[in-house]
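The same subunit A turns up in both complexes below, where it pairs with subunit B and then with subunit C.
Right, the complex of A and B next:
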């Protein structure tokens, strides 16, 4: 089936940002990572800061972020993206620096780095993708896994008696005085995507005020890890994850 | 009504169907063919697209380009001379 309409007389209202490379994403169908990659790069393009932005890629599903984002990128050791971003920001204080991490990276092995980076109030943006599972390694339990959620290492559902409770790391960092802007967003609907983009845009602008760390949690899906179709995964996320991880601003700058 | 259209990069699309869910006009569907990677890709199945860009916003693979008719230029209304 070909194109239904002619494109004559029409103008482009939305296209892939030029700051994304031509490499197709390796993510599974329906994964929220691709949306957040695109939003970050859209903001970088629209603000005209392509040559002033440095990103730090994590270990996890988004490990190849440097292949997709056509800006200066640095790969970090597992969990250490915020520490590497700290170093980059201190050497190059005029650059926009962001770290991009998943829940296995930021909330498990990198918990210490995360909390201390925010506690020091480093002027960076930390983007945290929370999908309540270790996607890359085959769907094992993560610290953010919900109680009762079935994963490959909790086949009868997560029980708090063995493995504790879901770690709300965004709520933790919101209490630290070094945090300037802390918010939790999603990317499962068009309206949510617009809100997330606004949050990313605001965070890049706040960076140059040098008043503290900006932290954006994006509650996302993992259709492969959850063993669902992408559409089912988004419904499951809205029903089960959003009550535990409610969307909204946790800390907003005082005017 | 403003008329729009989308072009889906069929070799990039993975057939996740999120755009089909997001479309308020229900004008997207899956193709009967498969692409190089073996996925059925999204295509326009109806002629009623308004170019609202919802599909492109939720697309995880940035596969959708949206086109829309330019907004009609408003004609200046006749100013009536006061009597």
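Right, the complex of A and C next:
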């Protein structure tokens, strides 16, 4: 009671990475975007590659990624992040380049770029946030929306006879010879966050081998778009999304 | 093409001359997608890329290509893309983004007849698209119009230079005939166009500066308006780059205004008209944006009428009318859909105009 806490005798075990700006995240409570932003920047800081890293932000909820990530960044047109990243990497082949995209960006409007970027084996990291919905535009159906899932444009649930099936773009990508490392992770538990960070770390290291594209899908949530509390959203994600989008490596480098 | 130290003239196709000039102008990356009548550009560059240490990449679409240009040019490289009308349409979103994010690059449109898939024959029907913006939002490109294979080469140098100077995309607006035809060309020497510092480029943030961000998103309207005002100011400054060629305007009773291939045909028509005793001059805009409004306005008091010749339904003629400002009658002669007006077509028009305006034949 009334105890004053000081830092005396304490050790800092966790703090904000210097690669994140002081701008507070604008993301909704419980959203996975902020966690993945932070993980990317933790890895960039820990690897000491701030001056060698260029990121590409998409159009979607993470359009302002460059407001938070304190690194050189380009903002791409909707769906074109991996083409922009290709352009950067081709003229800066020894730099670390990553794109960061939502499911609408990467798997609907940008499907062509996604497939061909990986098929060329561009030596970049593609981070793919799958929240099964269009967050930014207010909760419309995404290519990854589950069958039966209610969105503002599937008010009676997604029907395959009308709008097709959840697109497992990561499974497609893993089939391509240009892909070097393909994994699907989540960030909804502490252990999952650690695994995703490991995947990001590995992908940045792999980039310098110049052996192909690294692709990380993060199955995430959208409490606002799904109209759930953060806790409900994570429960729903685990129960409904993970059976369709199971966590694990889809392609690992041959030893 | 072997390095031509003596700068002896060579006999080259327009598309290849443009490609060779790009390499000599220090182009570091090219992204494109095949489309007639300009595929020779990427074919030529693909063969020469290694020797010049340039990135040449065939993209999966023009959409991807223009966004690769965005990325590479945003990373500070000297970058070019080329296409023909339908492909240029597909690039418009990316061009608008580059104009907004102020990313310099060179875009070549070797026009073909439209609308739609149209024809592979030469056309000038993309004048509006090139000079009035093209994509969404208030923006402009610097637009250069070659009318010979020599200029297909020379304007590449000017294009890269102007792009860097204004941090703006520049377009070379050619056509299928200029791209395909072969003429004598003296190549500018390699290495004659120095690279400019690009402190805004995204190359990785050193500790010595703030991060560089290339974006076209400004969600606060006050900020977006401020950016627009700055861009408009830049477009006004571009006026100092205005260029045109004038042929025989001093004695002219009728002024022809034509760009690119049409201007070449007009030159022949001028000779034929002279034989018929009508003095005709030509003003050929080399920059379509900025448009040589003042140059035209200056000539107008000395002529009886103005005739604009284009390979379209009448696009540049709107800018000519603005320049003439009602002071003299402005006529238009055009062919469309890949058809090219002949010198005789133009002479016939000239004769009709001479009669209407009671121009005395000497």
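To be clear about the criterion, the second predicted complex is superposed on the first by the 249 of 255 C-alpha atoms of A that agree within 3 Å, B and C clash if a C-alpha of one lies under 4 Å from a C-alpha of the other, contacts with A are read in each partner's own complex, and residues count from 1 in each chain.
By our rule, a contact is a pair of C-beta atoms (placed from the backbone, for glycine too) under 8 Å apart; a residue touches a chain by one contact, two chains touch by 3 or more.
Quick caveat, the model's predicted, so the values are computed rather than measured.
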Task = Examine A:75 and indicate which partner it touches, taking first as subunit B and second as subunit C; both and neither are also allowed.
result = second
Request  = Classify the contacts of A:85 with the two partner chains as first (subunit B alone), second (subunit C alone), both, or neither.
outcome  = second
Ask   = A:24 contacts which: subunit B (first), subunit C (second), both, neither?
value = first
Inquiry  = Looking at A:54 after the superposition, I want to know if it touches subunit B, subunit C, both of them or none. Which is it: first, second, both, neither?
reply    = second
Request  = Tell me which partner A:234 touches in the superposition: subunit B (first), subunit C (second), both or neither.
outcome  = first
Ask   = Given the touch rule stated above, what does A:112 touch, subunit B (first), subunit C (second), both, or neither?
value = second
Inquiry  = I'd like to check the shared interface: which positions of subunit A are touched by both subunit B and subunit C across the two complexes?
reply    = none
Request  = Quick one: which bits of subunit B touch subunit A in the complex? Just the residue numbers, please.
outcome  = 3-5, 7, 11-12, 14-18, 21-22, 31-33, 39, 43-47, 49, 51, 53-54, 56-70
Ask   = Residues of subunit A touching subunit B in their complex?
value = 1, 3-5, 7, 9-17, 20, 24-25, 27-35, 38, 187-190, 193-194, 223, 229-231, 234
Ask   = Inside the complex, what are the residues of subunit A that reach subunit C?
value = 49-54, 56-57, 63-64, 66, 69-77, 80, 83-92, 95-96, 112-113, 115-116
Message = Can you tell me which positions in subunit C touch subunit A when the two form their complex?
response = 28-29, 31, 55, 57, 59-61, 63-65, 67-77, 79, 93-94, 97, 101, 202-207, 211-217
